[in-house]
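Note that chain A is present in both complexes that follow, paired respectively with chain B and with chain C.
And then the complex of A and B:
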């Protein structure tokens, strides 16, 4: 019977193409607007690394200007560390299982042959990065700890770059030219795009692509690769030193620092470690503000950095209201539609269709319109997200409508259509058939 | 077969109450071909709709096939309508965007027959009314007489024992009307009980029996002896 109802629904939809198109459009617009804002919200508020988000902690130390406003929460403290503090922690025997000290940069890739050189984003980091953040490899593996200690010229590259340079073949052991040096590939990682890109949430980079090149931090410092991201300073550099050395010893913050802490006890011990480190530093005249250190796990970190803003929530609510308006509109259109169907309904009733059968038949029709509205909505949401992408830098991953979102859109559309249709369908199934047959 | 006693139907609107049927008493025997006549507005259609369980009476007793149907719920009434009753209307009431086969198929869908059973019944019925070669035509591609024949095929497809026809020839010219009447007579000869409302005295006279409804009350008139026999002059009005 269901397939019969579907067939009748399609026939009926074809009979009133304009009305049907209007309904699909109304639902599509509502769903499209809602899905656009909701996708943004969902991606922003999503857990980028669900299975580890409660053991990975971002580290903050309040080294800022003593004359600045007092610190009330982690959001008031710089989200990055100085080079010297990061290096101290990285090389110390802390209670953390693993730590990583890193920053973003860029280098010029010089392909073999005639292809022109191109710029590529680089992450200067430690081999712990890959295991801490569970980065999936397709070929090879991270470099080993010795490479970090030896400042080795090794790299891990991303799938896209490997496709571009090596046609996707296993490139482990091969070398590529970056700027004016050669670097041996130890591994190729799969497409890996935590969203939001929690490990480096500079405004404007929260939804950026993950880097395609990973290089030992120690090597990057030797190369004097500058940071490609926010660098904040509150005190002038020491001009008695060469500028690079002055920068590395400065109070400027430009590196990200993460620790992997498995238990609350470990986290507490690590926090104590940080506090003691800052107390020691106070002895030599640094950290003149009150003692403020923070560790935040991934979900807390997104809140600290206000990755989901209130605006996003307001937009989701507004677009939901808009969806309601579209649904109400659809109710009106369906009333008109079913008014025109009362003759057919009366005939079916006379032929033995129960009220329930008529109700279900017309509900199937409404749901079919809903599916069409959902598909239209997905199309419009796609356009909407493309628009947002073009409007704002750093939102490259919005038009990534995953299967969950697609299914959500269609379900939402069907539910909206059924809600819109409930009253008209109920009305048409309650109509006294006799009166209508007389009128025919 | 059909037994109505004391059936009243009152239509109430905010302004008026219409007594469409007033304490109507009426019997139809199994296998009869009954013609119902009466002036416009006298309650003929209302009577047919109640007889076919499309409407409920306001009061009175209605037995169909020995079952009191006045108190049944919608689902049971629909089932009886589907299995036992066939409807034919003055304006054919075919569903315009379904082809002939799908139109005839409508009652069978609610019967729950298998696809093969339905296809066979649809084919047989369209053959019976002489339109077997036009299964895929749309109603709009047919003449009025042909459309009414499709409507008859639809009414009969589920093999109901009881056929209710509301002025089935009202929209047809006399030649087409004659053909439709002939078809109904054949169906009746096969055993289907028929109640037909008509304005046409010639057609009424071809029925086994005439019931005249006037102002919501029924009376038997001129029991015709057999089809095609010129009726005797009116012998007076008797309550059934």
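And then the complex of A and C:
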């Protein structure tokens, strides 16, 4: 029976090709536009590290200018720490399971032979980084804790760099030249691209490539490797000290700090620890603002840093309204179409088809149009996402149609079409056959 | 207009169809006015002048990785070589470019007693005496730097500049009375780091296009040697930018102790900086075009069907003496009535949607004149869309009335 309904639906669609094409087009455009904007929104607000996002916490201390506006939420506090605070926490016995203090920089890779040197992004960090953020290794392992303490010239490199320098072979134990020094490789990590790159969310770099070189933080400081991310200062540097020392002891914020806290109790204890640290610092004249320390897990951190922009939200709202227009459009067209079919329906009813049968038969036709609209919508969404990728810089990792979104698109299409068709189909199946037959 | 009565009564018999089109029109008005408003806001942002000779300017960033090289000397050699390239109008060292997103912000104090929250924030560009020309800035008062005013910031020695040239906007913020020239300002509170304003130039934007103080900028005569990054701004003779960029890149790449990281024309930088706004403009323009298209096609589709359904009625009217013009007018008036109802609802919708978008996402308030313009556009759209089916209706022969009776 069902295949017969589908045949009938196709015949009916073929009978009014322009009107049917209009409906498929309208549904397709509405769904395509909405899916495009919603996919971007969904991926942006996605969890970059689902299995650990509730135990990894970004740390904020409010060391800013006491004359500045008061702090109301974590979004008002600098997202980074000073070197001195980060180092204190890193070396202290805190309630955290693991902590990491780090910053982004860049160095020039000088290959052996004639290949030209090139720039790579570098993350100056601690060996805890790799276990905290669950970074997958293909060869070797992170450097050990001693390397951090010894300021050792060791590095972990990414798969892409390993492919470029060593054709993808196991390079553990080998050394490469960075700037004017040599560094021994202890491990090679697999492609690892948290999206968004939550561990360092400087505006403009939120969706950029994760680093290909990881170097002990302690060594990077010895090298005077400057940060390539935001550096914010409010107080003048102490000009009685050499520049570098003055900078490291300054109130400038430029490093990221994360703590791994497994239970709410641990998180509360860690927050207390931070509060006490700031109270101690107030004694020696620092932190002259009211006490404001914040720890935010990964999901909270993305909200604090407004990773999903207002533009995304505006586009999702507008494209939803657009979809609504398309559905209204389809309802109107279906009304017109089914009223035009009254005669046919009357004949079917007179020949013994029940209301229910007529209802279901017409619903199949509507659903067919819905599926066609959904397929068109997916195609248009794919085109739309390609367009987004070209329009926005740095969205390459972000933009793709994932299975969840594909399934959503099809469901959305069929639901939209059925919602759009329900009333027209119901109307036509309620018509009394006799009156219409007379008119034929 | 005597037709309105019967047309209106016949519309009441098909309430749902009328409501559907009217709702579409209403939503279309709401979306189109808000989208058009956002487009115009973003376009205005993008169109703001940076102050530079945009189409003839390029930036070059190199990264020196050999710490044995004398970086200060390399700056001198580079600048001498770049200035000798044919087609180069001016070249200067800098540590930032306007609206590039990466720069240096500082605070100035116009008297030593000022608190830090009263200081004036500005974007700083560290250049030499060629900076004014390379950035295409016009001195409105005072003088340029002299070579002996240049200082060098490095890890070893922190020389601080004694003079600066400020933008008119910065001068006005520091000294609202308009007497900024030759005044002393301080780079730190409590009278630390005094500098003298030796010149005022017309206009240049800072590195951050969304900042409130985007027009407050200043040039200082200094070169900073922190890390190996070195940056140049080069302004070419009109039409010579491509050659100048190639020649400069070729020169910079000759030195094997560094890599050339970025060679970028200013227009390219601008489209990168504003990529989100450009994207928003393009996406919303697309929405407007497609939306009006869908709404227009919807009107055509429904009118077409209603013509088909009323063939006999139309034929009868024609047989009873209605002219073709009467039939066309009937559908036009019908559409005008429906559209007007939709627009009435849409007015509320447009204002409501804007209120929502503004309170939630800070898009700003749509100026009221957008509403009549949007309404006029949709009236026109409706009338144009209905024209085709109406003409088809007008072609129904009067003889139809006599058939199949």
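Please note the rule applied: the second predicted complex is superposed on the first by the 285 of 440 C-alpha atoms of A that agree within 3 Å, B and C clash if a C-alpha of one lies under 4 Å from a C-alpha of the other, contacts with A are read in each partner's own complex, and residues count from 1 in each chain.
One rule holds in what follows: a contact is a pair of C-beta atoms (placed from the backbone, for glycine too) under 8 Å apart; a residue touches a chain by one contact, two chains touch by 3 or more.
None of these values were measured; they are calculated from a predicted model.
After superposition on the shared chain, chain A has more residues touched by C, the comparison being chain B against chain C.
By the document's definition of touching, of the two partners only chain B reaches A:355; chain C does not. By the touch criterion defined above, A:4 lies against chain B but remains apart from chain C after alignment on the C-alpha atoms of chain A. In the superposition on chain A, contact is made by A:15 with chain B only, not with chain C. Contacts of A:236 after superposition on the shared chain: chain C is touched, whereas chain B is not. In the superposition on chain A, contact of A:97 is made with neither chain B nor chain C. Using the contact criterion defined above for the overlaid structures, shared-chain residue A:244 touches chain C, although it does not reach chain B.
In the superposition on chain A, A:347 makes contact with chain B only, not with chain C. With the contact threshold set out at the top, not one residue of chain A is in contact with chain B in one structure and with chain C in the other.
Residues of chain A that touch chain C in their complex: 18-19, 22, 25-26, 29-30, 33, 37, 65, 67-68, 106-108, 110, 116-119, 179-180, 204, 224-226, 234, 236, 239, 242-244, 309-311, 313-315, 317-319, 321-322, 324-326, 328-329, 331-333, 335-337, 339-340, 388, 391-393, 423. Put simply, chain A touches chain B in their complex at residues 1, 4, 11-12, 14-15, 343-344, 346-357, 432-434, 437-438, 440. Chain B meets chain A in the complex at residues 45-46, 49, 52, 54-55, 74-75, 78-79, 81-83, 85, 87, 89, 91, 93-95, 97-98, 106-107, 109-111, 154, 158. Across the complex, chain C meets chain A through its residues 16-17, 20-21, 23-24, 27-28, 30-31, 34-35, 38, 63, 65-68, 101, 115-117, 154-156, 158, 188-189, 192-193, 226-228, 256, 258-259, 261, 272, 275-276, 278-280, 282-284, 287, 290-291, 294-295, 297-298, 301-302, 304-306, 308-309, 353, 356-357, 360-363.
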